[in-house]
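First subunit A sits with subunit B, and in the next complex the same chain sits with subunit C.
Let's turn to the complex of A and B:
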């Protein structure tokens, strides 16, 4: 079964960039536009990895992360935060919640590919598309 | 139970870029509102970008350094006051975020920070992407650019061959995301200095009003970023202490 990645971001542009970057891997990308939808999709799709924004309407990414970690069959899904928020207090809080990695926007496609590859122990099938 | 993570460990593990030391020190020093003039002057002098922006700000009508009437950091600090200085320090990550966005996400090699006064004003209708923030501190981040530049930015972000493939919604989404990235970097620095504030949803519109707007009792700065075929303006405005009735709090300053 191909690897499945859930991309949760309210920005269509970022979801498109994530999809483009992950084309380097043999994986399926599913999407959600806020934390609430992200939780529902995580439960139904059981992804191998979640790439998660913080500032989103309805439910933010930190709340979604905390809920994931409280849910027995979802808590072990690795999460990479992808956000413009880099305030150290917030980053510390998120690290303590158990996030696997953290990437601050703006970012290069290659940085995302490298972090995803490391978390999933995957090697890109093709060179990442340059941003 | 494992030992709690330290900030150093977290920064290393995630590969987070540190905030320039001078910017961090200055932001935190000014946040306490009891900064000593000589200390502030020394920190600014040690940071080339802060010095450049401070002298530009102290000479608002000059389009090049030869026209400056205020030429020393100390006099520029005295002329500008702490509110402007706070904006320059706190806004540093926003300015850096523009450069990184263009280098990392738009494939632009070299981004020059120009004196906005040295450029012609945008004439007629242009795109405006803006994000307000409020809380203990309030202000706004505004990005302005000519209409074809907005399309070029969206084209590059989406890695398309031709801007004709873009819809108006794509351009709005692209500008909203760039504004959000810049505002997020700005807000992170403010929050690290103890200025809790929340970002509002980005708004994108077309306007012919090129005026630099300032929040009530606040300070503002316009920066211009120049790349081949692309010029964008970044307007930052802030009222750090959210003083509704004006002035820097008693005890601040020299």
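Let's turn to the complex of A and C:
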């Protein structure tokens, strides 16, 4: 069964960038536009990895992550957080949330590929297409 | 576009803006930016402005990125990986401008928080139009910066009041 990644971001552009970067792997990408939808998709799809934005309407990424950690069959899914906020305090806060890794926007496709590959122990089948 | 007077702010955004914006454009778009003279103006076509609010107990304001339509289209094409001759839909252009503004505001927010001014940022919003200016209360310090990207000029406004 191919690896499945859930991308949760309210920005269509960022979801597209994630999908483009992950084309380097033999994986399926499913998407959600906010934390509430992300929780539902996580429950139904049981992804191998969640790439999660922080600032989203309806339910933000931090709340979604907390709900994931409270749910027995979802709490062990690794999460890579995406954040546009690069300050030391924000980075330290993210690190304490129980995420596997994080990536500060702006980022290059190659940086996301490297982090996803490390978390899932996957090697890219193809070089990511540069933006 | 009307240029408003610049007043002093207790948090100097000049250096952060000149670091953050070129980094965002280079990383996400592969487009180099060069600072332009602050009083330089170019006849504008339509503008697409992305803005993100910043708010906290001791800080409030907003970041505005004013894109000429052609630059916004170029940015969207770069981010979407469009080929020559392909045009991004208006909704995609809006999303790209909003996301770029979000990244700039996010970088600024991080620096404000690290400087002891904890704050949050809003979701980005978009304004499209021709000749317009941004008005705020007179007690809100505002600074305006310009960057050249090939033949286009990006204008950046930061309105920031700190206590």
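By our rule, the second predicted complex is superposed on the first by the 131 of 131 C-alpha atoms of A that agree within 3 Å, B and C clash if a C-alpha of one lies under 4 Å from a C-alpha of the other, contacts with A are read in each partner's own complex, and residues count from 1 in each chain.
Simple rule for what comes next: a contact is a pair of C-beta atoms (placed from the backbone, for glycine too) under 8 Å apart; a residue touches a chain by one contact, two chains touch by 3 or more.
Everything quoted here is computed from the prediction, not taken from an experiment.
Once the two complexes are overlaid on the shared chain, A:89 sits against subunit B and subunit C alike. Using the contact criterion defined above for the overlaid structures, shared-chain residue A:40 touches neither subunit B nor subunit C, since it reaches no partner. Judged by the touch definition given at the top, the superposed model places A:57 against both subunit B and subunit C.
Of the two partner chains placed around the shared chain by superposition, subunit B and subunit C are both touched by A:13. Number of subunit A residues touched is higher for B, counting subunit B against subunit C.
With both structures placed on the common chain, the touch criterion links A:101 to subunit B but leaves subunit C unconnected.
According to the touch criterion, the shared surface of subunit A, contacted by subunit B in one complex and subunit C in the other, consists of residues 11-14, 16-17, 20, 55, 57, 83-90, 105-108, 129-131.
Of all residues in subunit A, only 10-14, 16-17, 20, 55, 57, 83-90, 105-108, 129-131 touch subunit C in the complex they form.
Interface residues of subunit C, counted against subunit A in their complex, comprise 23-24, 27-30, 78-81, 91-92, 95-96, 98-99, 102-103, 105-107, 109-114, 118, 121, 123.
Residues of subunit B touching subunit A in their complex: 4-5, 7, 10-11, 13-14, 16-17, 97, 100-101, 104-107, 157-159, 170, 173-174, 176-177, 180-185, 187-189, 191-192, 199, 201. Taken together, the subunit A residues at the contact with subunit B in this complex read 11-14, 16-17, 20, 55, 57, 83-92, 95-96, 101-108, 111, 129-131.
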